[in-house]
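By letter and in written order, the chains are A, B, C and D; residue numbering begins at 1 in each of them.
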């Protein structure tokens, strides 16, 4: 009885898996044959995290661009999402490499951990293109954002706003990830060198999530009767909320370019600086990959200088390295759009809408 | 004649509150702003999130289980609420429905534990995974320009009523209710009995499965509600919103003096545990520790807290027990499970 | 009672079927997944490819082994994530930075793992903490230590380690050899007197004590060994990724617990073994491999892993209940 | 002549003195009986001798050499072997691993040599005539009796200097008991000091040359067995004379109360029919493990069963303990510590946990005053001191714990009471109290089903006795013919001798 039970179970499991695999096999088979006739480039997007608001928008933009009129016939995009660990992404990459696609575009779980695997991919003749969180593997194309420049511009803006004097709160981000380490390092250095009159009276860890940022800032506000600015790499909307809840006056704030914070800063005329971290960088990556696959030229490393945003033109009075724009409704923020939108939505010749980005 | 409740339970609760008070005093001595009304209110709000997340955890632990699905149910509470509310459902109704569905998911946990006899850690881990999968399948991003969280939830989490935030009042009322449930009601007795010894409870005419189902259902509802107020407080929802509360909810229960094996502990102890943890994480940054040092201290203080709140009560009980068990050794399991 | 010499009554004893259901179910699962994965990805049927797949599995396999040890003595070890991270960052920072004697330094990392495990053991066996609580606390603390060693991903892992891991022994990829060594080490441990003591303590602490088992010492040693295993896991990941990460260990905590339970080691202690957990851990790796081969939506693979956990545990419970029902 | 001398042993737990300077002298070549009520200190004394428990003061010498106390390994090294009442064998290990635990044949690096281990285990079993036991089986899958026998084999693995049989026969059938005591005799003849601890007076009388009686942590009597009669020994144990162990019954059974037909529990028990009358004490006898436990559990709703039953005039379902209790059928389970009591909870809570609905107000809250009153009244009825109501039940002696379990059952106001060996491990004084209580209940019309492993209890307390073998009823000893012999004859006569079949 038990023997039969176990066998049946195993058979069922095997059957179910095989069935579903057949289904997907048909899928890819169909696509493969399409690729054979239409010469579509097979590109695999390797992503490792979906827990915040940025990554899903990044994935959606990639899907949009791959499906747009210009690329529909050139690109077949597969999206692979693994768990948020290097080991999981390595494993996922290995099954990708076995299939030998034309290119792998990767938002990496670690700058270095995937290098051995990506070198294998290169050796197998696969084009490797990394963006957002780029890797250091020499064979990979890289489209990084300049974290140091972003951080420097942000802290210079705050220093200018405060005229080099005051008490501020600083975000330590998510302990353990390179972005946070760079931000904190640059901020501390610039503050010490250029703005000795600015004192960091409290730190908090935003963990790049609205909840912890709100809790962290609130806790520090309760303990510090006077705060003149907030130096954060995450959610301005949470900072505003914390200040309002504590009944405090608004102070200059920095954060990432999420629509929610931008709406509030624009409508309430607050002093805000938004670090540009557009989700459409995935679309830019696809464009560049296709260019290379079609025989075009692309530098191995192309630093993508983001556009940062400030609430008002009058606030631009500091040495900056990156592009800088003031907030304009409908252009780089959306008064009726969702708070979680990463702005601006569209780039280049594309006409990407909020609905596309949000995958509706 | 009235000494029906074992005194050691109160002892551990008291020592948990004492630890919290000591930490608070240390923090205040270090930075006087710590005792300000604003800060205390803030701490109460933060503690209430842990308190609600740990409410169900307390009931489940007392009944001899554990609920690892709490963080995902919290995420469910926030995300599903925003999903329904932005879809046009009235805020109050959406909140009620989310909590109800949370309870139903809790029932699924309960069914696995009570009927399929799956170890609680595993069952709740798997159900948490399924909830996570469901949330991922929702697409996560809401497209409306409206606030994703209904006004009712926002106001409950942010507004004040008299000296305290609304959410703190709610927590107080709930704590009194749960305290009564555990100490005075027949249902509470059954939870303790099941946690202390399932077989004894069953043979004493207690419907063990029903007790477990109820505990997990309440845990699901409480976690979903915690997610609702957390979303209301943040004004936003996201997948990882509940992650910090897995650790915190269990730590609050054990720092509060409950036995992780079930059978004794109180919700007031958990309340003390939630406050202790909140005060601790709020005060550590005052000492200008790095994030790394902070983590180390946090871990050590939790161990210390558990030791303080449990060693007092438990050691006492153990000594007392040993004093009289020993002359007559307990029957071994083998005597009873004798196969015919 | 009387001394009447009544005819001796003996119950009829049927020979028990010699199949161990725990092992059978786990093996069946692994075999099924191997077949499915191979049929999905014919390119995998190659010793180098298999070696690579095993290499990605190594960290989990070792953490699962660590978890198994703790579970065998009726405990649990949440701190494996922290120990893993400390070993991983130590390898990437200290060992990598030092010139020359890497072997000795790697040994030091192992000793550190042993020591962290021993701290757990002292808390649990010496001070009487519940394993869940003790390791909850040390997990946080060790995680902090890892952050102190390496604030964010990076460091340089000695090339020796990477090349060993990528090398071959008599044509067999090193990763496969390492798994064989792990299983062999377990076999040696299991069949030693100490191995019997581990099972005895997990089975029934009080009885083990009556039999003269130094229960505390056994517990302490088991947790120390678990620390050692978790540390090896951390080193393996450092080798596979040529880098260190202070947060790399945490995902393995619940995953290792899943592997232990799917493998069939009882959370009540005293039954099961590292071999089973290794098979189950590899099954989990295969599932995600299959999921990525089939290019499933992320939520599908999350749901599939959760369901597998449920199905395996339920099936095992049912099969065991059946099997129990037949024994006299 | 070997000599074990215990002098001035003291042990206390907190404020409770368990041993107050116990002394004992036992010689090699003899079996030395050790008698005493529960709480007299017998088990603590044995635990100290076997090194499991540390003494506060006092000394133990063996042949004049002081024994290192407090470590099991030290006692073992000195040649002290104990057969524990609570088994010490490990269910998850195999028979071979258990038998040679701590003495495994090892090779290099402590590697256990599997084949040698099994061979040695087989040899060991053969030495004791137990070849039929498979050394590769997990011990937990063996029948309880066999596990107890293996306990003895393990203790006698090497020739002991001191052999302690701590209630080693309390859970055994008559012939297994005889086997164990036979082994004790052989060890004695080989020169060992054999200490026999038991509740069964007859066992001491039949096997022990000398006897020491403990009371309240002191040794109160030490004589050659032949020089003391039963009354004298009982008096020494109790400190007073018990008039009668078994009370006289007043009333006689009336009309049928519970009628069961075609009851089966899986394929192990039944089908069987039985009728219990009002005010009747119906005994269930037979060898151990013949389905008596299942029968009682089934009647109490604790295990699923098939068949039909009527309680008075209504059908009786008995689908769960909860339903059974609500219908008036209450079970006092076999193992009070694992099945009967919430050990860490106060006595009062334990008394009321089985009848919570009675104290629950409409809102779901418990009426504390009513609960306390009822608990106190129940404590009075079963004879538990009121000042213990608030203390954890684990702080009570075994006898008192059993009274609490009984009190819990009675508080549910049952019309049928199912008692599973409710006097096992209970001292003589408490036994008498329990029997008196049973008689009172029967006189009030409660129907009682009583299973006991003690034949004399069945013969003296019951109105009639049904005997079970292999899950079926094989006979009835009616009221007029009740005797230990009659019950035993039915129990063993109807069972075919399977010894050869199994071999």
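One rule holds in what follows: a residue touches a chain if its C-beta (ideal position, glycine included) is under 8 Å from a C-beta of that chain, and two chains touch if they have at least 3 such contacts.
Heads up on the chains, UniProt names are B, C = Ribose ABC transport system permease protein RbsC (TC 3.A.1.2.1); D = Ribose ABC transport system ATP-binding protein RbsA (TC 3.A.1.2.1).
If you're wondering where the values come from, they're calculated on a predicted model, not measured in any experiment.
With every chain reduced to the mean of its CA atoms, the largest distance from chain B is reached by D.
Ranked by C-beta contact pairs, the top pair of chains is B-D. Chain B and chain C, compared by their mean Cα positions, are separated by 29 Å. Between the Cα centres of chain B and chain D there is a gap of 42 Å. Mean C-alpha position of chain A lies 69 Å from that of chain D.
In chain A, the residues touching two or more other chains are 50, 175. Of all residues in chain B, those touching 2 or more other chains are 136, 291-292, 295, 332-333, 339, listed in ascending order.
Residue numbers of chain C whose C-beta contacts span two or more other chains: 147, 151, 204, 207, 297-298, 327-328.
Pairwise chain contacts present here: A-B, A-C, B-C, B-D, C-D [touch as defined].
By the touch criterion given at the top, residues 1-3, 5-7, 9-10, 13-14, 17-18, 20-21, 24-25, 28, 50, 78-88, 90-92, 94-96, 98-99, 110-116, 120, 175-178, 180-181 of chain A touch chain C in their complex. Considering their complex, residues 50, 52, 72-73, 76, 82, 84, 86-93, 97, 101-102, 104, 106, 109-112, 114, 132, 134, 137, 141, 143, 169, 173-175, 177-178, 181, 200, 202-203, 206-207, 287, 289, 454-455, 484, 488, 492, 495, 497-499, 501-502 of chain D touch chain C. Across the complex, chain D meets chain B through its residues 13-16, 18, 38-41, 43-44, 47, 53, 84-87, 89, 91, 140-141, 143-144, 147, 171, 268-269, 289-291, 293-294, 300, 302, 320-322, 324-326, 331, 333-346, 348-349, 353-357, 359-360, 364-366, 368, 371-372, 375-376, 386, 389-392, 394-398, 408, 412, 425, 471.
Of all the residues in chain B, the ones that touch chain D in their complex are 1-6, 180, 184-187, 189-190, 192-193, 196-197, 199-207, 263-264, 317, 319-336, 338-340. Contact residues on chain B toward chain C in their complex (touch as defined above): 68, 112, 116-119, 121-123, 125-130, 132-137, 247, 250-251, 254, 259-261, 290-300, 302-303, 306-307, 332-333, 339.
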